[in-house]
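In the part that follows, the structures are each spelled out as structure tokens.
The following pair of complexes shares a single chain, chain A, combined with chain B in the former and chain C in the latter.
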Partner chain A sequence: MRITQGCFSFLPDLTDEQISRQVQYCLEQGWAVNIEFTDDPHPRNNFWEMWGLPMFDLRDAAGVMMELNECRKVYGDRYIRLSAFDSSHGWESVRLSFIVNRPKDEPGFRLERHEMAGRNIRYTTSSYAADRPEGRRYD
Partner chain B sequence: MDLDTTPMTDAVNLRDELEAVGIEEILSQLDRELIGLKPVKTRIREIASLLLIERIRKRMGLTSDAPTLHMSFTGNPGTGKTTVALRIASILHRLGFVRRGQVVSVTRDELVGQYIGHTAPKTKEILKKAMGGVLFIDEAYYLHRPDNERDYGQEAIEILLQVMETQREDMVVILAGYGDRMDKFFASNPGFRSRIAHHIDFPDYSDDELLDIAELMLRDMNYGFTPDARAEFVRYIALRKKQPLFSNARSIRNALDRLRLRQANRLVADLDHVLTVDDIRSIEASDVLASRVFRKAGKSAEAS
Partner chain C sequence: MPPNELMTTTIPTSRRTPPEESNMNMHSMTVRGKDRYKSGVLEYKKMGYWEPDYQPKDTDIIALFRVTPQDGVDPVEASAAVAGESSTATWTVVWTDRLTAAEKYRAKCFRVDPVPNSPGQYFAYIAYDLDLFEPGSIANLSASIIGNVFGFKPLKALRLEDMRLPVAYVKTFQGPATGIVVERERMDKFGRPLLGATVKPKLGLSGRNYGRVVYEALKGGLDFTKDDENINSQPFMHWRERFLYCMEAVNKAQAASGEIKGTYLNVTAGTMEDMYERAEFAKELGSVIIMIDLVIGYTAIQSMAKWARRNDMILHLHRAGHSTYTRQRSHGVSFRVIAKWMRLAGVDHIHAGTVVGKLEGDPATTRGYYDICREDYNPARLEHGVFFDQHWASLNKLMPVASGGIHAGQMHQLLDHLGEDVILQFGGGTIGHPMGIQAGATANRVALEAMILARNEGRDYLHEGPEILAKAAETCTPLKSALEVWKDVTFNYESTDMPDYVPTPSVAM
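Up next is the complex of A and B:
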């Protein structure tokens, strides 16, 4: 199951050229672009790991693309996303985030039904990938 | 100036092309504002012409590899290396060979870390900032410390070399430094020498050129020499040149700053005087003559 989070996720995967144009847009808005990766695709997993530091003061997307390619070399079998942080007063938050790399095979989610007192049901989604230990989820 | 969208052509009017790019304006500004430096200007003109032709070739579909544009500037202190680097950046930007045209100026401190594992991220961060523009490394020979083989400078050099080779179209690296030490640096890092296409040597300024520079700087600051002061300043330049630690235009700039100081002091000393614009603008012979350079010269003349 192809997970959909952030911008553009209902579109076909962006090419490098398209990613680079999006990054350039972010830089021109004065946002700092970050690279994050994870192997836990749960939608409530807010805390992805960062690849290096946020990249402030860049002028050209080539710098971000260089880091992204480095990150792909190491974590090419995981999810990688770019997020753009707007530090201007009043925003001070992420303005754009999109997935730029995903594992070849995405096993999807299992729905668990917890039967509670009085025929109530609580639902939990958990990723099949997360059944395996961290770092070996997409071997 | 998007090269991809311009239609393919087979005839190009060179004059129109030159005007469209606005390069002539920068070159003539270079001629006007930088005094002397004949060989440097000729070389820049040559590079600009090459780039212009390269641009046209691209539009005609006669593609060749992106030209290597990395440069090295060698010359004594104060000969205008940094100033020229800024101009080169805007020339390259107008011709579309760098995408953004910013100049990131760094020295060893900003590239080399202090402990293991510190250098690579530091160097890469600078490289990322310089992408799309020009990376100007001042006193580049400090990157290489031959006496310490565990120096982290070597790591920075390796990263630099790699990016200079693989991302040639993303940025231009300019190394600058004093002539003899740069030669030694290149001798011990042959990789650098071969990756740099343009070696430009900045000559020292002659006395006349230094005087022109002084007058140009004064004009920019809205000051001017009186005829007497000008004559004294000619003597000042000749004397200052013989002293140690003379650094061309930079020494002149410092001398001018001291002149302004003395002029202000002289004006303030006489509170009853009603000042005119001319008084405030002009630097007089006494301001120049108060310099330490003359006193020292006088002493040595007496001694001998």
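Up next is the complex of A and C:
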């Protein structure tokens, strides 16, 4: 399966040049770009690990691309995404977020059903990869 | 000429008397002292409801009416009557006024202008003191402003065009239960419009069949599916059946995609007790969103908004029934007023028009509605039908929904007209896809992502739109097929409701 979180997951994987243009767009809006990675892509896992801090005061996408390549060297077997933060009043949250790196094999999610009273079912989604310990999930 | 060089006359909230209107905007005719309270009938304009020298206070609520007096009725008298009948007046003088601070409570019409290019119609500006209204109650606000006057005999027609809501009043309302920012955080979706579809056919599917449509659409790539306005609990599908099968579909699609998904479960019912029961069940099943119809009434909407805030639920409003009073230009209530009321009342989503789809809405007027939903401050923009500066004082933002006769081939136009914070709902444009519902959903999602990518890259996506879509379709057969099937579908009809003011170039200084 292919996890389709983020803004561009339905398109073919973005090339570095395409990623760089999106980063440049974010910087031109005055947003700070953050690199995050995880091996637990559960849809409600909001807090992926941060690769350093969001890059404030950056003007050129090249800086982000350099960091992204460093991150890929270490965590190239995991999910990596870029998130852009807008600090302006009334928003103060993420403006754009998209996946820029994926594991070769994406095993997907198990849906568990617990039958409750009546016809009610309690659902739990869990990543097959998360069955293994952190750090060894996509070996 | 770039749009920011276009100028229009802005109407200040205080009195302005251009020479050509000076015979209309006369001075006060108010009878004062003892004579004011002599038993009998006095013209409204002499009773203190026409005060052209009045300077509205920052805390006043101001209403703008389009007044069409009966033949032979003085427009100032007609406008004063509207002020009177929507505040303290009755048809005759009453001595009991003298027991009150009557002058404060009288609504004051302070300005009457002829409507451009519409003989017989007048814009009446009326100011209401804040003390006339109960805090935090749309029912009370609307009972005052539109409660009595619309059937008044001396008027042929009356329309409430816009309102200025003072911050002091705005702050008495909860506002949208969730708001655009928190909705995006909860749904984990940033940087693009959200995608939805209304399940079709709207009537007749069993719960099991209905859930099938939801599953296919969500798995194919939509973020939301939606009950239609008249899906409640009918013989072919009891509401609990619908909720159970829909949540199976939502959870299966979430697991299949790794994304958060939702389906607007319509909890509209005959009584508040039934609505609460349905909302509680939706919560118990883990739904992220519920839905109500505008026809349940303002108080019921406010109750559901409070429930939604307490229960971490997004609240979708379907504006069912609004066209009965919003569509005609001369009579009723403009949708921009309804949008303002709904932002106060506290819903998170509101249908606000598509511009290019099958339902009424010219681009400029629709832009005005979207601004009212999404901005923290609306400057007066007569060319969008927005007559007043409006501060929202950090009240949550309301997500507009575009629904009705739109398809993937219009993606560039939709993004251009409606922007990024909007839900695009492709019902027929998903379910009617020749390769099936999943393919229909995928076509829409690919078209959207390709357009956002192109926009962010700085391309002239509006003009290059068809090219961008064709390119994306090269690697996506469902999109290719959607573009082929719906390529010629447009809905070009004359709008019945448009702004009265058009931009004119400013005079060079």
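Worth pointing out:
Definition applied: the second predicted complex is superposed on the first by the 138 of 139 C-alpha atoms of A that agree within 3 Å, B and C clash if a C-alpha of one lies under 4 Å from a C-alpha of the other, contacts with A are read in each partner's own complex, and residues count from 1 in each chain.
One rule holds for everything that comes next: a contact is a pair of C-beta atoms (placed from the backbone, for glycine too) under 8 Å apart; a residue touches a chain by one contact, two chains touch by 3 or more.
Here the structure is a predicted model, which is why all the values come from computation and not from measurement.
Residue contacts after overlaying the shared chain place A:M66 against chain B, while chain C stays out of touching range. By the touch criterion defined above, A:R44 reaches chain C but does not reach chain B. Within the superposed three-chain model, A:Q18 lies in touch with chain C and out of touch with chain B [touch as defined at top].
In the superposition on chain A, contact of A:I121 is made with chain C only, not with chain B.
Taking chain A as the reference chain, the count of touched residues is higher for C when chain B and chain C are set side by side.
Counting contacts as defined above, no chain A residue meets chain B in one complex and chain C in the other. Looking at the complex, you find that chain A touches chain B at residues 52-53, 55, 57-64, 66-67. Across the complex, chain C meets chain A through its residues 181, 184-185, 188, 190-192, 221, 240, 244, 247-248, 251-252, 254-260, 284-286, 376, 394, 397, 442, 445-446, 449-450, 452-453, 456-458, 472, 475.
On the side of chain A, the complex with chain C involves touching residues 1, 3-5, 7-12, 14, 18, 21-22, 25, 41-44, 46, 83-84, 89-98, 108-111, 119-123, 125.
Across the complex, chain B meets chain A through its residues 99-100, 102, 121, 124-125, 127-129, 131-133, 163, 167, 170-171.
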